[in-house]
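Labels run A, B, C, D, E and F following the written order; every chain starts at residue 1.
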């Protein structure tokens, strides 16, 4: 039982909208392993932050993707690339974000990011051109 | 004389729109010191990247600000906070970006970023609430 | 009024124990600027995290200090160095943490960290030897 | 023959206590490839640093794990997670460190770290709850 | 057709000298996916930067390898290790760079880097001793 | 009395060659504060690493400067910029290193680095053009 049921439920809603059932599996694994961690992740990371006003999901995914690329935290890249597409960022917008990062984060991390983008787009049968 | 006059001029245009004359002074200092560096910065960093289609200036400033915060590259924060406001991101949108980073980059860097935001807003006599 | 009064109050308690009134001034500045940010910082960053069981304040400050040094987030270094001393880490333990970081984070960031340690110790009139 | 036999031997002792024979295999590979590198790693990284007084192995593993997570240096995560458990950090303490990092390093790197924790715990047949 | 054919061709020349046909395959993949990204990478990252005077290819690979190791951008490590060897850095020079990074970037990233070095050297049937 | 007098003395020699008396003051401050830290810094960071064969001081400063820029560890930038010039890297070589980093680390950190370069060159009354 979450220590913050309202935001936990908001978080599950956000996750459903952003990634649907496949994405909830990752959370499930954390939930079984150590519920408090899944609790924080879902209620704070998604429930509280993503459901705030002022910035919509598309803007938030621009921010999250940039944060991941800059940190080199590519393990969450696939999750958020799918989320970004699902909430309405176009393939072109995502690729252009990576190009922007080539200048503002450097070409190495942009190349790593682009490879992840290519994999996700291939899985989804979409192109950016 | 730039090695790429078309994009150099685009870059100066972009800089004028984004920060106006005060911001061009930083570029000036680089220009006097080592023209090639200013050349790359203006023609590639601003001319080529910022004038690309698909993502507008506001989206690009969301990306650049996030990249700066995540890298801890706070020396360029003031420049881009002013740019962000000038191109139409609202004070609230900027603050909410920092709050988003608290979860996706961690509270330490978000706190550093928020301090810079507070300074710039104070200089410009604006509030975020 | 906090969106999470229980954890907000826990956070204020933690902050009082860790840094006392001087430290609360930084939070105050955030509070006046954008209450939601101070709210998250106090209730999540300090209230929820620091008051969790299993790891005590001294262990948590070992973790936070290491995270700050590794990120190069030195703007929060003074705050947490004071907190570390206040919760019972000895001057020697703090210096030895920095030496450990020399090997595991590299000498440059360890040197930056040590300079901050020296400043705080000087302000408090303590030595590590 | 090490350039610093005393600390080299201390380092081998530390490694034996921390990870035992399996862990020494990684060092062995470096030793065969370029002895000086293994020499520095064993004598300085483990011999000199880990055997210093003031901080015990458990505190040092809190620091090292935090440094790895913050840097995103996950290739050494498995080694140090095993070391942490072997020197007496409890499964719960390790998981709580990762939760602490969610706030102080951000959720992305905490998620990556937690995945590594789950893998190591599974291999060792332990749980954190 | 590149937006900057002169530097694009310079970039292809540089790539041929540095990595030959195998390395051009990675660029090819980017080219098919989103030509503008390959364009920037080849014409700016390799054409403009690598063909500049003052620093030769060997010095530039010292810089690039260090940047990759420090960022933990190991996905490009293999490419640049091969490039470094091809442009004349000796195996010993490359290994000594990693040892230098052990002190200036920390042992964790140096260990990750050394593993990549070992793999590339093994593929090429060379040793550093 | 150093725990490693041979390498400590090598380190002092290296420091004298690289920065002379002014630079030794920083080490002095560490020495007074906590001798073991100065000991490690001088004997390992400078004595053991910088006096190794295969890479000369100029190559090592290319590596160290790149590591500092990439980490954003600008507090040691002035020290190493002076060292780089003293050991024979030309002003142009140093500026070109920063330009190389614009592509491989990103423009933000390159801009921060260039500002430090400009300050040191101004203090020394030299130009890069």
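As a working rule, a residue touches a chain if its C-beta (ideal position, glycine included) is under 8 Å from a C-beta of that chain, and two chains touch if they have at least 3 such contacts.
Quick caveat: nothing in here was measured; it's all calculated off a predicted structure.
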| item | value |
| --- | --- |
| Farthest-lying chain, centroid of Cα atoms versus that of chain D | B |
| Contact-pair overlap exceeding half with A-D, pair selected from C-E, A-F or A-E | A-E |
| Most distant chain from chain E, judged by the mean position of its C-alpha atoms | C |
| Computed distance of Cα centres, chain E from chain D, in Å | 30 |
| Where chain B and chain D are represented by their mean Cα positions, the distance between them in whole Å | 39 |
| Distance between the centres, which are taken as Cα means, of chain B and chain A, whole angstrom | 24 |
| Two or more partner chains touched - positions in chain B | 40, 44-45, 67-68, 71-72, 99, 101, 103-108 |
| Touching residues on chain B, where the partner in the complex is chain C | 72, 95, 98-99, 102, 106-112, 114-115, 118, 121, 127-129 |
| Residue ranges of chain B touching chain D (in the complex, touch as defined) | 101, 103-108 |
| Chain F-facing residues of chain E, complex | 44-45, 49, 52, 54-55, 59-60, 62-64, 66-68, 70-71, 90, 92-93, 96-97, 99-101, 103-105 |
| Residue numbers on chain B that touch chain F, as the complex places them | 29-30, 33-37, 40-41, 44-45, 67-68, 71-73, 75-76 |
